[in-house]
Structures are given as structure tokens and as C-alpha cells.
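Multiple structures follow.
Look at the two complexes coming up: subunit A is in both, with subunit B in one and subunit C in the other.
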Partner chain A sequence: MTETDLVAISPLIFVIALAMLIIVADIIWPDRDDISTGLTVAGLLVGAGLTVLVAQSEAREIFAGAYVVDPLTSFLDVLFLAIALVTVLVAPDYLRPRGLPMAEFTATLLFAISGAMLISGSRDLLVLFLGLELLVLPGYMLAGYAKRDGYSTEGAIKYFLLGSFSSAIFLFGLALTWGFTGTTRIREVAASLAQLDTASALAPALLMGLALLTTGVAFKIAAVPFHYWTPDAYQGSPTPVTGYLSVGPKVAAFALILRLFVEALAPIKADWTPVVIVLAAITMTLGNLVALTQDNVKRMLAYSSIAHTGYIMVGLAAYAGAPVGSEAERAGLEGLLFYSVAYAFMNLGAFAIVSALQHRRGVTSQIETFAGLGRRAPWAAILMTLFLLSLTGIPPTAGFFAKAYVVLAAVQAGGWVSVLAVIAVLNAAAAAFYYLRVVVFMFMRDPPETARPVLTGTMMRAGLAITAVMTIFIGLVPPVTSGVIEFARVAAEVLLVRTAGG
Partner chain B sequence: MSGSLQSYLILSALLFAIGTFGFLARRNAIAMLMSIELMLNAVNLSIVAFGAFIPALRGDAAIIALMVMAVAAAEATVGLAIVIAIYRNSRTPLVDEYDRMRQ
Partner chain C sequence: MTGLWYILGFAFAGISFVFLTIGVSWLLSHRHKGDRHKGLPYESGIDTYGDTWGRFGLSFYIYALLFVAFDIEVIFIYLWALVFRDVLVGGLVSMAIFVGILLLGLGYAWRKGVLTWR
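And now, the complex of A and B:
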């Protein structure tokens, strides 16, 4: 361990130190929500600055090649910090009326984010696994954060049981891959797999390892048919937590896919591509079909997030299905990264509105809560419409460009992947039904007699402003769009150069 | 040392399968937690077996096995805390009775 190693990894250390600082501050000044929230917001901004600062220097491997700070790491780290920031801004309005403390919430959230950041730059199988566990364990706690609420604990136990089940499956896959290739370093795993005779069938142990890894990862991103925990975990969790769970762990799991499948397992791409294509197709379709029948907005958004997993997987499939070294390979990864950014902001925004409506205790997330919102709280209704239109993929929002990117990449890749493009477009049309149903409730139904005004705090407004501005700007303002695309391209190229170099 | 790497791997796969079956078949949250522990320990057995039979993997195997044990302990802690929390709310450890959200 040298000084440069520590400097390169400083954003990660900073986030962990911040979480500990918040716990200490809570011991000194108990029950001061303002202190812990203020510290977190300031700390996350400093952390993002630090990440950008570290990204300025050359990409380098640290800790003897176990971790790397390259554009992909920086891209994902900034996104994770932004997700944490929005979650922290949105949370107080929901947690305070229910008597839930902020300090533990922010500390747990920051530990989870540090796990995500550990995944984003991981170049070692063991570090990947540790990052994954550091990401999901605080996630289980957050899901059960309202511990006196039956729904929250019920969601938490389902999330926990299925989550640790999938972790065990994933770990067995890692162990077999490690035993077969004889190394934990991702670079050496790729080199060892590249030497395999491509024509011969894979050894049974490696094939089993690959199947177990795929299953484990499919659980984590909530791909159909490994999605059963998602609706209950999302509906039961406190709403700001649901917002976080639907983007944070999902994007982190895709980061894991990029590091593990795209980097380490690239030489045996042909063996996992068909699985990705099939999973993407059924994930999109089933997620959307089931979402059509939901009356609870949180549950509806849970199924919609499953569908969005499918769209992101189309980007992965475009990479996997494209010939090695082709333009479509890069376009697929770029689409995956761009979609992750757009999805993070629009989905967090939609959940932020649900949180804002649930500011008063006892307000449910049933669709009736949204009735007449256009008259009761025009701004909330307009923003919700924006996020829902973006989730549908209507231009000129971020969601449209994200969908366009992955679909174009899929067309470019050709073969069976171009069938996915057709399925994705058909699905986007079907999805419009259930997203617009909420809009119809907001603007064309009368508010219930019992409806009371919607209250929003300053922090909630800031969180909504960030998500709304990003949702519009990523789609509409060329400098922002091209900035994100450029960053995504650089990040994608890092992966491709390395896999081509062996 | 008796046996071969293969026999240890088969044993660990069998243990893993028993754990998986237990997870899918049992309805008690604590029993499901125990099944997950069994799965993790099966993985650990395969890791240690790799280390014992392949000299190049010996050092790595010890470290990975220790890490997996630490992670398993952390997971059990979080899991038991959640089981206690839900037991206080619904007075049962049986997971098929946690069905408030199924419509």
C-alpha cells in the first residue's frame, strides 16, 4: 500500500469516514436530524468533488491490481453519490413524521454507497464479492427501517432471504471460476479464459460456475424469472428507501456485470450471450405486463423497474451479440451506461413525488391518492407527469434518448439482438398504458373529500429540482446530453480496450 | 490426504444442493437462514479443497475462506435482527404467513 494507492481510493475512504462521522455526531448530539442531514449533503458534495479531482489523473491500477481508478470507476462513483444525495434530500419529509431518525438512515445509506463504489472499480473477484455484500447488507437494513411497520419488515425479510440466497449462489460461481482459472485477478481470469480452445466445450466446472454467476447476478438486477422479491421489497420499504433500492443496487449490479462479465468473462462471451438475450426479452415483457394490473403506485413502479432492467439488458445484449471489435460493441455499453444515468434520475424523481404525497402519516401509495392532484398540487402533478413521460420514453426527455440509444445499439448489433430492439419498442408502447393511467388520475379525476394539502419541505424541493432538471436537461440541453454521452463513451472504451488487449 | 479434489467438490456441491433444497422447502425463516449458512459453508468447503489440492491456490484459499466466514457472520447478524423485528410485528416465524402485500 503506497501513498498513491490511498489518494486514488480517497473518495471511497471519504464516504466510509463520513458515515462514521455521522454516527459519532449522533452520539454527541442525539436526535439532531438537521446535523446528520447537513453533514451528509455537504459530505456528498465534497465526495463528488473529490471523485472528479481523482479522475483528472491517469487511470491506474492500485493495491497490486485489485482495484482500478479509470473513467468507468469515476462515472459510476459520481452517479452513486448523486443517487445518495437525492435519497438523503427526499428522506426527511417522509421519515420525520413517522418518528424515524435520520442519522442511522444516512449512515446506513452511505455504507451501502461505499459498497457500490467498491464494486465500480473492482478488478478482483474477492473484492467484487465484498463490495457486493457491503452494498446489499445495509440495503436489507434500510428496507426494514420502519421496524414497527409490518409492511416494512415483511419487505425486508423477503429482500434479505432472496438476497442472501442469491449471494450464496453467486459466491459458489465465483469459487468455481477462481478454482478453474487459478486466480482472483480479473485481468488474469480473462487472460486464462482467452487461452481456452474456443471450439471445444467448456469444462463442466467452469460451465457450472458461469451458470451460477449468471443466476446470482440475475437475482441482483431483478431480471425475470429471478424477480419475485422485488414487488414486496419495494412496496413494503419506506418510500425514499424504495427509490434508492430501485436505482442504487440495480446500477451497482450492472457495474458488477461490467466488471465481471464484460471484463473477466469476455473471452467466453459466446456462452453467455444467448442467456442475456432471452432474459432481456422476458424481463421487459413480463415486467410491463404485470405492471398493467397494479393499483398501488409503488408496486406498479416496482414492476416498471423490472421492465427497465430489461431495457438496460438490451444494451448489454447489444455488446454481447455484436462481433468482437465492432462499433456496436461500444454502442451497447455506452447505451447501458447512459440508460443507467437517465433511469436513476427519472425513477428517483417518481419515487420522490410518492414520498412527498406520503408526507402525512397514513397516506397510502394506492393510485387513488393521486386523484385530482393536478388541482390540489399542480407542481407535484406536473413533475410526476414529467417523470412518467420520461419513464415511458416520450421525447424530449432523458428516457427517450436512453431508450433510443439501447435500441439503436441493438439494431446495429444485428442477429438475434435486433429482435430485442423490436420487443423493446413494442414494450415501450405497452408501458405507456400504465404510466399514463396515473396521469389520467392526476388530471381527470376529482380529489377525494378527505384529501388534505400536500406539504413539501425545502430539502424535498431541492431533491425534486435535481431530478427534474436532470431528466429534462439530459434530453433537451445539448451540452449536458453530449457531456454525459462523452463520459459514457470514454468509460465504455476503457472496458473494450482492456478486453481486446487480453 | 485421502480422496481427490473431485470428491471434495462433489461433496460441496451436494451440501450446496441440500442447502438450496432446505431454503426452498422450509417455511420457517430461521430454518431458511440456516439453509443459507449451509450453502455458504458448502462454498467454503470447495474453496478450502481447491487450496489443499492445488499448491498455487493455497494462500488465496485461506484468505477467501476467512472472508467468506466474516461475510456469513455479518449476514446472519442482519438476518436475525430482521427476523426478530418481523416476529414482533406478526408473531410468527413462518414466511408463508407474511402475505399482507399479496393481492
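And now, the complex of A and C:
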């Protein structure tokens, strides 16, 4: 360990220190939500600045090659910090009326984010697992944050049981991979696998490791048929937490896929490509079909997030299915990263509106809550329409470009992956039905007699502004669009150079 | 191909271990129908009473968690003490940070009233 090592991971250390500072502040001034919230917002902005600052220097491996700070790490770190920021801005409006403390919420959230940041630059199988656990353990706590609420507890227990079960499966897969290659360093794992004879079948031990890793990761990203925990965990959790859970752990799990499958297991990608293609196809289709029948908006968005997992996996499939060294390989990873950014903002935005409506205690997330919203609170209805259109993939929103990149990459990759492109487009058309159903409720139904005005705080407005601006700008303002793409391209390049060079 | 047999053999051994242990304990256990005391968990102790499915206070759980945190800490401190001559100031600072983080957790739990018995 040297000073440069510490400088390179300073964003990560900063976030952990910030979480502890909030705990100290809560010990000294208990029940002062404004202090912890203010500290978090200011701290996250500083943390993002620090990440960008560290990204200026050259990419380097630190801690004897266990961690790397390269453009991909910086890309993901900035995204994670932005997700945390929006979540913290949206949360008070929902938590305060229910008497839930902010300080513990923000501290727990920051610990989870530090886990995600550990994953994003991890170059070692064990550090990867450590980051994963640091990410999901606070997630279980957040899911059960409304501890007097039976649904919240139910969702948290289901999330915890299946989450720890899948972590065990994943760890077993890591153990077999380690047993086969004899190293936990990702670079050495890749080098060891590259020497295998690709023409003959893989050794059963390695195949089993691959199967266990795939299953474990599929649980974490909630891919069908490993998605059963998702709807209950998402519906039961406090709404701002649901927003975070549907975005943070999902993007982090894709970061894990990039580090593990795209970097370490790239030499044997012919063996896991068919699985990714099949999983992507059924995840998109089943997620969308089940979402069609939901009457609860949170549950509908939960199934829609499963469908979006499928779309992101199309990007992964495009990388995996493309010939080694081809342009489509890069396009696939670029699409995956771009989709993650667009998805993060539009999905957080949609959940932020649901949180805003649930500001008063006792307001449910049933679709009837949205009836006549266009008349009761026009701006909320307009923003919700924007997010839903973006989730559908209608131009000129961020969601459209995200889908376009992923689908184009799949077409470029050719073969079976181009079939995925067709499935993705058909699914996007089917998804329009249930997204627009909410819009119909908002603008074409009369508000219920009992409806009371929608109240929003300043922070909620700021959170909505960030998500809305990003959703529009990524789609509509060329410099922003190309900026995100450029950043994603540089980040994707890192993976390709390394897998090509061994 | 031999690798596959290893896996099958391993799976077979793993599954049969379960039945083996249950079977052996069934064979070895003394089943005296007539003598009630022979069947008790503690044959020569005082008579047991109550239900096995009794409920525990949740407070024990939090104490157990705090205990585990400090129990693990001790493992690190032993190793640190062994090599202290080599690490000196840097080691002292690292350990101070480590213990400080744990103490912060304890202080937080204390402040939140976790240590008050309810």
C-alpha cells in the first residue's frame, strides 16, 4: 500500500467516511434530519467531484492488482453517486410523514453505495464478493426500513432469504473458478482460461462453476426465471427504497458482470453466450407480459424493471455473440452502459412521482391513486408521462436512444443475437400498453372525491428536476447524448483492450 | 470425462452422508420403551420442563450481534500484536482507525438505546 493507492481509492474512502460522519452527527444531534440530509447531499456532490478528479490521472492497478481505477470504474462510480443523490433527495417526503429517521437511511444507503463502488473497480474475485455483500446487506435493511409495516417486513425477509441464498450460490461458483484456475486475480484467471483448448469441451468443474456464477448473478439482476423475489420486495419496501433497489443493486450487478464475465471469463464466452441470449429473451418477454396485468403501479414498475433487465442483457448478448475483436463487441458493451444510465434516471424519476403522491400516509400505490392526476397536479402528471414515455422508448427521450443502441448492437452482432433485436422491439411495443394505461388514468379519469392536494418539498422537487432533466437531455440535447456515449465508449474500450491483450 | 465422475461421486457421497448419519444415530440410539428417564436428553440431570419451541426475546439477538463484532475484532488484534514490532506507527494508526470504527458502531447502538434491557 502506498500513498498513490490511497489517492486512487479516495472516492470510496470518502463515501465510507461520509456515512460514518452522518452516524457521528446523529449521535451528537439526534432527530435532526436536516443535518444528515444536508451532509449527505453536499458530501455526494464532493464525492462525485473527487471521482472526476481522480479519473483525470492515468488508469492504474492498486493494492497489488486487486483494484483498478480506470474509465469504467469512474463511469460507474459517478452513476452510483448520482443514484444515491436522487434517492436521498426523494426520500424525506416519504419517510418524514411516516416517522422514519433520515440519518439511518442515508448512512445505510451510503454504505450500500460504497459496496457498489468497490465492485466497479474490482480486479479480484474475493474483492468482488466483498463488494457484492457490502452492497446487498444494507439493501436488506433498507427494504425492511418501515419495520412496523407488515408488507415492508415481508418484502425484506423474502429479499434477504433469496439474496443470501444466491450469494451462497455465487460464492460456490467463485470457489470452483478459483479451484480450476488457481488464482483469484481476474487478470490471471483470464490468462489461465485463455490457454484452454477452445475447440474441446470445458472441464466439468469449470462448467459447474460457470453455471453457479450465472445463476448467482441472474438472481442479483432479477432475470427470469430467478426473479421471484422482485415483485414482493419492490412492492413492500418504502417507495424511495424501491426506486433505489430497482436501480442501484441492478446496475451494480451489471458492473459485476462486466468485471467477472466480460473480463475474467471472456476467453470462454462461447460457453455462456447461449445462456445470456435465452435469459435475455425470456426476461424481456415474461417481465412485460406479467406487467400487463398489474393494478398496483409499484408492482407494475417492478415487473417493468425485470423487462428492462432483459433489454440491458441484450447489450451483453451483443457483446458475447459478436466475433472477437469486432465492432459489435464494443457496441454491445457501450449499449449496456448507456442503457444503465438512461434506465437509472427514468426509473428513479417514475418512483419519485409515486413517492410524491404517497407523501400523505395511507395513500396506496394502486393505479386509482393516479386517476385525474392531470387535473389535480398537472406538473406531476406531465413528469410521470415523460418518465413513462421514456420507459416505453418513445423518441426523443433517453429511453428511446438507450433501446436504439442496444438493438442496433444486437443487429450488428448477427446470428442468434439479431433474433433478440426483433424480440426486444416487439416487447417495447407491448410495453407501451401498460405504461400508457397509467397515462390514461392520469388524464382521462375523474379524480376520486376523497383526493387531497399533492404536497411536495423542495428536495423532492430537486430530485424530480434532476431525473427529468437527465431523461430529456440525454435524448434531446446532442452534446449531452454524445457526452454520455463518449464516456461509455471509453469505459467499454477498457474491457476490450484488456480482454484482447490477455 | 473423469471430471464428471468426480462430480457425480461427490454428489453421491454428499447425499449419502445425510442418510448415513441419520441411520447410524438411529441404530446406536437406545430406545428403551419402558423407562421414561432413559429417553430424556439429559438422562442424569434434572427433569426438563416446558416447550422446545419457546420464544426468545429479540434483545438477545442484538447483544449477540454486538458480541460477534467485538469477538472478530479480537482475532485481528492478536495477529496485529504478534507483528507489532514490524509495523509500529503505521500499524498503530491502522488499528486505531479499525477499533475507532467499531467503537463508533457501539456508541451509535448505545445512543439509540439498544443496550437498555427491555
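Criterion: the second predicted complex is superposed on the first by the 502 of 502 C-alpha atoms of A that agree within 3 Å, B and C clash if a C-alpha of one lies under 4 Å from a C-alpha of the other, contacts with A are read in each partner's own complex, and residues count from 1 in each chain.
One rule holds for everything that comes next: a contact is a pair of C-beta atoms (placed from the backbone, for glycine too) under 8 Å apart; a residue touches a chain by one contact, two chains touch by 3 or more.
Model, not experiment: these values are computed from the prediction.
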Partner chain in contact with A:Met20 - subunit B first, subunit C second, else both or neither: second
Partner chain(s) touched by A:Pro30 [first = subunit B, second = subunit C, both, neither]: second
Touching partner for A:Thr369 - first (subunit B), second (subunit C), both, neither: neither
Which of subunit B and subunit C A:Phe165 touches, first, second, both or neither: first
First, second, both or neither for A:Gln358, with subunit B first and subunit C second: neither
Between subunit B and subunit C, more extensive residue contact with subunit A: B
Subunit B versus subunit C as contact partner of A:Ala205, first or second or both or neither: both
Shared subunit A contacts, counted only where both subunit B and subunit C touch the same residue: 205
Of subunit B, residues touching subunit A in the complex: 9, 16, 19, 23, 29, 32-33, 36, 39-40, 42-43, 46-47, 50, 54, 56-57, 60, 63-64, 67-68, 71, 74-75, 78-79, 81-83, 85-86, 88-90, 95, 98, 100-103
Contacting residues of subunit C [partner subunit A, same complex]: 3-4, 6-7, 101, 104-105, 107-108, 111
Subunit A residues touching subunit C - in the complex, by the definition given at the top: 20, 23-24, 26-27, 30, 203-205, 208
Contact set on subunit A toward subunit B in their complex: 126, 129-130, 133, 137, 140-141, 144, 147-151, 153-158, 160-161, 164-165, 167-169, 171-172, 175-176, 178-179, 182, 184, 205, 231-232, 235-236, 295, 299
